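Letters A, B, C and D mark the chains in the order given here, with residues in each chain numbered from 1 onward.
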Amino acid sequence: MTLVEDMLRTYPADLGGVDRQKLADCIKECFACAQACTACADACLSEDHVAMLVKCIRTNLDCADICLATGKTLSRHTGYDANLTRAMLEACARACKSCLDVCEQHSSMEHCAKCAAECRSCLKACRDLLEALG
Amino acid sequence: MTLVEDMLRTYPADLGGVDRQKLADCIKECFACAQACTACADACLSEDHVAMLVKCIRTNLDCADICLATGKTLSRHTGYDANLTRAMLEACARACKSCLDVCEQHSSMEHCAKCAAECRSCLKACRDLLEALG
Amino acid sequence: MTLVEDMLRTYPADLGGVDRQKLADCIKECFACAQACTACADACLSEDHVAMLVKCIRTNLDCADICLATGKTLSRHTGYDANLTRAMLEACARACKSCLDVCEQHSSMEHCAKCAAECRSCLKACRDLLEALG
Amino acid sequence: MTLVEDMLRTYPADLGGVDRQKLADCIKECFACAQACTACADACLSEDHVAMLVKCIRTNLDCADICLATGKTLSRHTGYDANLTRAMLEACARACKSCLDVCEQHSSMEHCAKCAAECRSCLKACRDLLEALG
C-alpha cells in the first residue's frame, strides 16, 4: 500500500461512495505527471533545437500547474463538491491530452517519450475517475 | 497601466484576437482571488467556531489552487490552446462560484464577506473572458 | 486600502507585533512577481533568439514558484512560525535576486526590463520584512 | 527505475557532479510530502476536535506549498543555481521539521502519524542532498 492509499484509508470521516482505487490512482498520476512535465519542459530548454520546442515547453508548464491543482483538490474530501471535482478532472484530462499530443511529435527525444507516456496514464486515470463519479 | 497589462503589451509575438482588457482583468482577478482565499481559509482557522467552517476552509483551499493554475495558464500566450483555456476558465468559474456561495453564508465574518466579493469579481472576469473567447 | 490589507485587517485573532504595512507590501509583491515571472518566461519563449534565453526562462520559473509559496505562507497567521517565515523570505529574496540579475542582462527586451524591476521590488519587500521581523 | 529517475537520465545536457540518487530521492519525497500534507490538513478538518488542530492544519498547508516549490525547482537543471537550490532545501527542511513536530504530537490520529513519518523522510532527503551539494 502506498502513502496516497494510506492517507485515504486514515481519513477520519466518510469518503462517500467513491471508487477508492480509482481515486488513489488519479491522485498518484496527477503528482507524477506534474513532476514529469516540469522536468520535460526543462529538458526541452537544454536541447540544441529549443526554438522548435517552444509549444512543447508551454504545454508542459500548463499541464504541470493543472495536474498539481487537480491532485491537491482530489486529496481533499471534506465538504466534497462533485461538480468542481468533475470540472477539474475535465480540465486536467484536456491538459494531459494536449501535452501528450505535442510530446508524441518529439518522441525521438526520450524525455518527451517518457513524458507522453505519463500524460497518457494521467489522462486515463482522469477519465476513469470521471466515469466512476458518474 | 498595471504590471499585468505591461507584461501583455511587451509580449513579443502576436496575441491573436483576444480582448486584452478582459484577459488582463481575468489574470489580475485570479491572482487576487488566490490570495484572498488563502487568507480567508486561515482566518476561518482562527475563529472560535472553526468546526462550523470546515467546508468554507476546504472550498477556499481549492479555489486558491485553481485560481493560481488558471492565472498562470492565462499568463502564457506561446502555443495558445483555446480549448484548454476554456476548460480552465470553466473550472475556475465553478471554484469561485462554490467559494462565493459558502462564504456568503458567513458574511457576518468580515473576512468571508471580503472573500465572497472577490470570488464574485473573479467569477465575472472568468465568464466575461469565456464569452469574449467565443 | 487594497484587498490584501483588508484581509489582514479582518483576521480575527492577534497578528502579533508584525509591521502590517511591510507584511502587506511583501504579500502583494510576491503575487505580482509570480505573475510577471510567469509572463516573462513565456515572452522569452516567443523571442527569435530563445536559445540565448534558456537560463532566463528557468530562473523565471523558479522565481514564480517560490514567490507563490512565499506569498501563500505570508498570507497565513494562525500558528505563526517565525523561523519558517524567515527561511522562506531568504529563499524568495535569493530567487528574486537571481531573476533580477539574469533579466537585467536582457533589459533591451522590454518584458525582461519590466520583470527585473518587479523582481527588484519584491527583493526589497522581502528584505524589509526580514529586517522588521528581527 | 522510477519516472523521476527516468526524467533525470534522459536530461539532454550535463547534470554536473550532483549525486543523482540523492537528487532523485529528494524530488520524490518533496512531491510525496506535498500530497501527504495536503491530505493530512483535510483529514484534520474532518476531526471532531478540529479546534485543537488548527496549528497542525496551517503547518501542513505551508509544508505542502513549500515542498511543491522545492520539488519543481529540483526538477530543473538548466541554468543551475547552487545558492538558490540550497536556500530552498533549507526552507523545505525547516517546513518538514515544523510539520513533523506538530503531527507527532497527534500521532494517535493515524493520518498525523503517517504524515509525520513522511515529513521525517523528506527532511532527511533534503538534509542528505544539502550535504551532498557541499
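Rule of thumb we're sticking to: contacts are C-beta pairs under 8 Å (C-beta built on N, C-alpha and C of every residue); 3 or more make two chains touch, one makes a residue touch a chain.
The structure displayed is predicted, hence computed values, not measured ones.
A.B. asks: Which neighbours do chain C and chain D have in common?
C.D. replies: A, B
A.B. asks: Tally the contacting C-beta pairs at the A-C interface and at the A-D interface, and name the larger one.
C.D. replies: Of A-C and A-D, more C-beta pairs in contact link A-D.
A.B. asks: Per the centroid of Cα atoms for each chain, what is the distance between chain A and chain D, given in Å?
C.D. replies: Roughly 19 Å, centre to centre.
A.B. asks: From the mean C-alpha coordinate of chain A to that of chain C, what's the distance rounded to whole Å?
C.D. replies: Measuring from centre to centre gives 27 Å for this pair.
A.B. asks: Which residues of chain B are in contact with two or more other chains?
C.D. replies: If we look for residues of chain B contacting two or more partner chains, we find 42, 45-46, 54, 57-58, 61, 68, 72, 76, 78.
A.B. asks: For chain B, which residues are in contact with chain D within the complex?
C.D. replies: By the definition above, chain B touches chain D via 41-42, 45-46, 48, 50-51, 54, 57-58, 61.
A.B. asks: List the residues on chain D that touch chain A in their complex, please.
C.D. replies: Per the stated touch rule, the residues are 3-4, 6-8, 10-13, 27, 31-32, 34-36, 38-40, 42-43, 45-47, 64, 68, 71-72, 75-78, 109-111, 114-115, 118.
A.B. asks: Give every residue of chain C touching chain D within the complex, in rising order.
C.D. replies: Going through chain C, the ones touching chain D are 54-59, 61-62, 65-66, 68-69, 72-73, 76, 78-79, 81, 83-84, 87-88, 90-91, 94-95, 98, 102.
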